[in-house]
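In what follows, structures are represented as structure tokens.
Two complexes follow with subunit A in common, the first pairing it with subunit B and the second with subunit C.
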Partner chain A sequence: MPSTTYGKGLRGLSLATILTIGLALVLVFFYAPLDANQGFVQKIFYIHVPLAIVSLCGFVFGALMAVGYLRTGERKWDMRSYVAIHMALIFGIGGLITGSIWAKASWGHWWVWNEPTLVSFLIVLLLFATYQPLRFSIEDPERQSRYASVFSIVAGAFVPLNFIAVRLSTQYVHPRVLTLTGGNLPASMGLTFVISLIGITLLYTTLWKYEMTAKNARSQVRRLRRTLLGEDSVSPMRRSAAPS
Partner chain B sequence: MRTALILLRKDLRLELRTLETVPAMVLFAVVTFVIFHFGLNRDTIDGQLAAGVLTATLLFASMLAINRLFVAEREQGGFDAFLLAPVDRSAMLLAKAAALFLFMVALEVIAVPAFGLFLLGPSLGPPLPGLILVLVLADLGLAVIGTLVSAIAVHTRARDLIGPIIGLPLLIPALIATARAAGPLLRTVDPASAPPGKWVAILALYDLVFALLAYAVFDFLLED
Partner chain C sequence: MSLLLAVAPALPLGKAGKFVAAAYIVFVALILIYVGIMAIRAQRLERELDELQRDVEAMRAQRAPDRQPESVL
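Entry: the complex of A and B
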């Protein structure tokens, strides 16, 4: 892997992310109308929903990368899958916290059990929270990658199934703003939401790419040090959940 | 298929000779009923509460079997022997899932009457056929997911911890469907004669999807 490919397009991507998120914030605060029922607090919707959607897509993306690893056996796929899931977890926790704040503001409780989207999201998060402990407790790196890939595929397929099961088990409270029949958002809110969603997606992509670049660069540096200065110059890797 | 049968026979013979897993599961389940009696401070329960207590108890008892499922293979070198043999690797999945399924059935043969005796308010007789259907479907899902999780966990350092923390979230949808399907059967007032079709269908679908998924990925867990 030539070192010049590292971080290619990262600057453009970062700029696009900053611009889109900036635009989204401007739209959220100055363009989108205040919600008639919930007032100002409804604006958290423009952060919460994109975070949750991007996080779930991130888990599924991680599963697809894991399929790539099992098919090819190349470690870069495992790295992609790892970074995707790890980023999706962070976004997911953000989504859960913003969702909780919104629930407190609009329903009066921090946590609402008869709320299928919230509950299924929690279950998915609980499942993916075991990804890192699983990796960490397998010492052999090759086996770690293989088992983690199997786990992410199973867990990725679990995401939609779980949503179906939990949704059927409860009554709706959650606002159905995004339905297949077109939803019930006014156009200005819809536009703001789409821009926010694009912004958060770009943020996810950028952070994913940054971490990939950092990890690739670090292993490249280690490789170079080892060739130039000999084996002793590189301290052995600490045991870690991350692929190297 | 023949390989799977041979492996299954080996597992069952091992269990019959050592009597390690199933008696432990039964004891665990009965103790859990006693704990629920004191925890809920109720002499009898019915309806959704009864279904939930039964399902949760069986689910937790199954964790004991899931933890032990591959331990003999790992400790006695059974994995290496199996990999050296010129046989299809899916046979291992099939045999282990069948063994886990039979362990669960053996557990339920004792634990469900015990539940009827200790905790259940309405008589166990009328809802039994529906309950058997629901539990068989639940056991199928549990057997497949349990085998998969156990195969992942057995090669980790903290396998007794990793198994349950991965297995329980994966089994939550199955638990929801089982409890919801069994709930109407166990009502004292106006019990349903058959489990709700919606939940039986979801449970069956869940079993099917995970069976296919496990079949697709299981080979990767045995490579070395």
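Entry: the complex of A and C
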């Protein structure tokens, strides 16, 4: 049975990621002007916002992959969903920490509990933080994949709903610089932001592919061992949150 | 590089600079930790492949003496 390869195009993608992030950093520190209100601290915007956006999109991507699993029952979709959510969590933690540093620098507090944008992001992150313990708590692999898929679809649907609810709320101190009508960023800042966003998106895609390649290679080695040396030659998998 | 620094705005490395540096260091640290984890996994995979190769070679060596010599007539 031919297996899916995830390593294809990984070298080009990695190179594109490095170049785009490098370009983004040059633009952030040498091209984008200093913000009139916040000054140099505003440079955090170019890393914090793309991390948060890519993280949220990653959760939705994981939910879409989970739909693929429920439709087909093929384990590769569950693996894709698992890795997408796993990566999105890492990016989300990055977004949360950088946001917290920015908040301290511009508002004087590490965290503001009455700010809907911050609290809603934290809720989404905590929701997805339960994904791994949920998987780990289910021993049967089939059941683990099915329950985890249902969870990621429901939680993934919560992401845009949450986003809309926050947008509709009126009491916020968190700045709104991106809107559907273009936002209020000057062109140079807008360009820098777009390049940063592309860079972080490429980074997410590259890391996702790396992880998929590694997991796929490991499972192929196990399969090969089983085929060549028999079922007894393969040590039983330890209980894990990751799909086997 | 000196040309690049010449066109760069004066970087305020006071209080604001520390926060910006901290945010970007968090980003770089996350990537480095991830790369470290991937390196450990790659080593583990390499070890598993080595084991598999050794086991297959041992199996071949075990089977070789059992084979009957083919008749040339």
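Convention: the second predicted complex is superposed on the first by the 231 of 244 C-alpha atoms of A that agree within 3 Å, B and C clash if a C-alpha of one lies under 4 Å from a C-alpha of the other, contacts with A are read in each partner's own complex, and residues count from 1 in each chain.
Just so it is clear, a residue touches a chain if its C-beta (ideal position, glycine included) is under 8 Å from a C-beta of that chain, and two chains touch if they have at least 3 such contacts.
Bear in mind the structure is a predicted one, so any value in this text is a computation, not a measurement.
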First (subunit B), second (subunit C), both or neither touched by A:R71: neither
Subunit B versus subunit C as contact partner of A:I164, first or second or both or neither: first
First, second, both or neither for A:F29, with subunit B first and subunit C second: second
Partner chain(s) touched by A:R223 [first = subunit B, second = subunit C, both, neither]: neither
Contacts of A:E139 with subunit B and subunit C, given as first, second, both or neither: first
First (subunit B), second (subunit C), both or neither touched by A:Y210: second
Touched partner set for A:L51, first subunit B, second subunit C, both or neither: second
Doubly contacted residues of subunit A, that is, touched by subunit B and again by subunit C: none
Interface residues, subunit A side, partner subunit C - complex: 26, 29-30, 33-34, 39-41, 43-44, 47-48, 51, 90, 93-94, 97-98, 101-102, 104-105, 203, 207, 210-211, 214, 217-218, 221, 224-225, 228-229, 233
List of subunit A residues in touch with subunit B within their complex: 70, 123-124, 126-127, 130, 133-134, 137-139, 143, 146-147, 149-151, 153-155, 157-158, 161-162, 164-166, 168-169
Partner subunit A, residues of subunit B touching it in the complex: 148, 152, 155-159, 161-162, 165-166, 169-170, 172-173, 176-177, 180, 198, 202, 206, 209-210, 213-214, 217, 220-221, 223
Touch list for subunit C against partner subunit A, complex: 4, 7-9, 11-12, 15-17, 19-20, 22-24, 26-27, 30-31, 34, 38, 41-42, 44-45, 48-49, 52, 55-56, 59
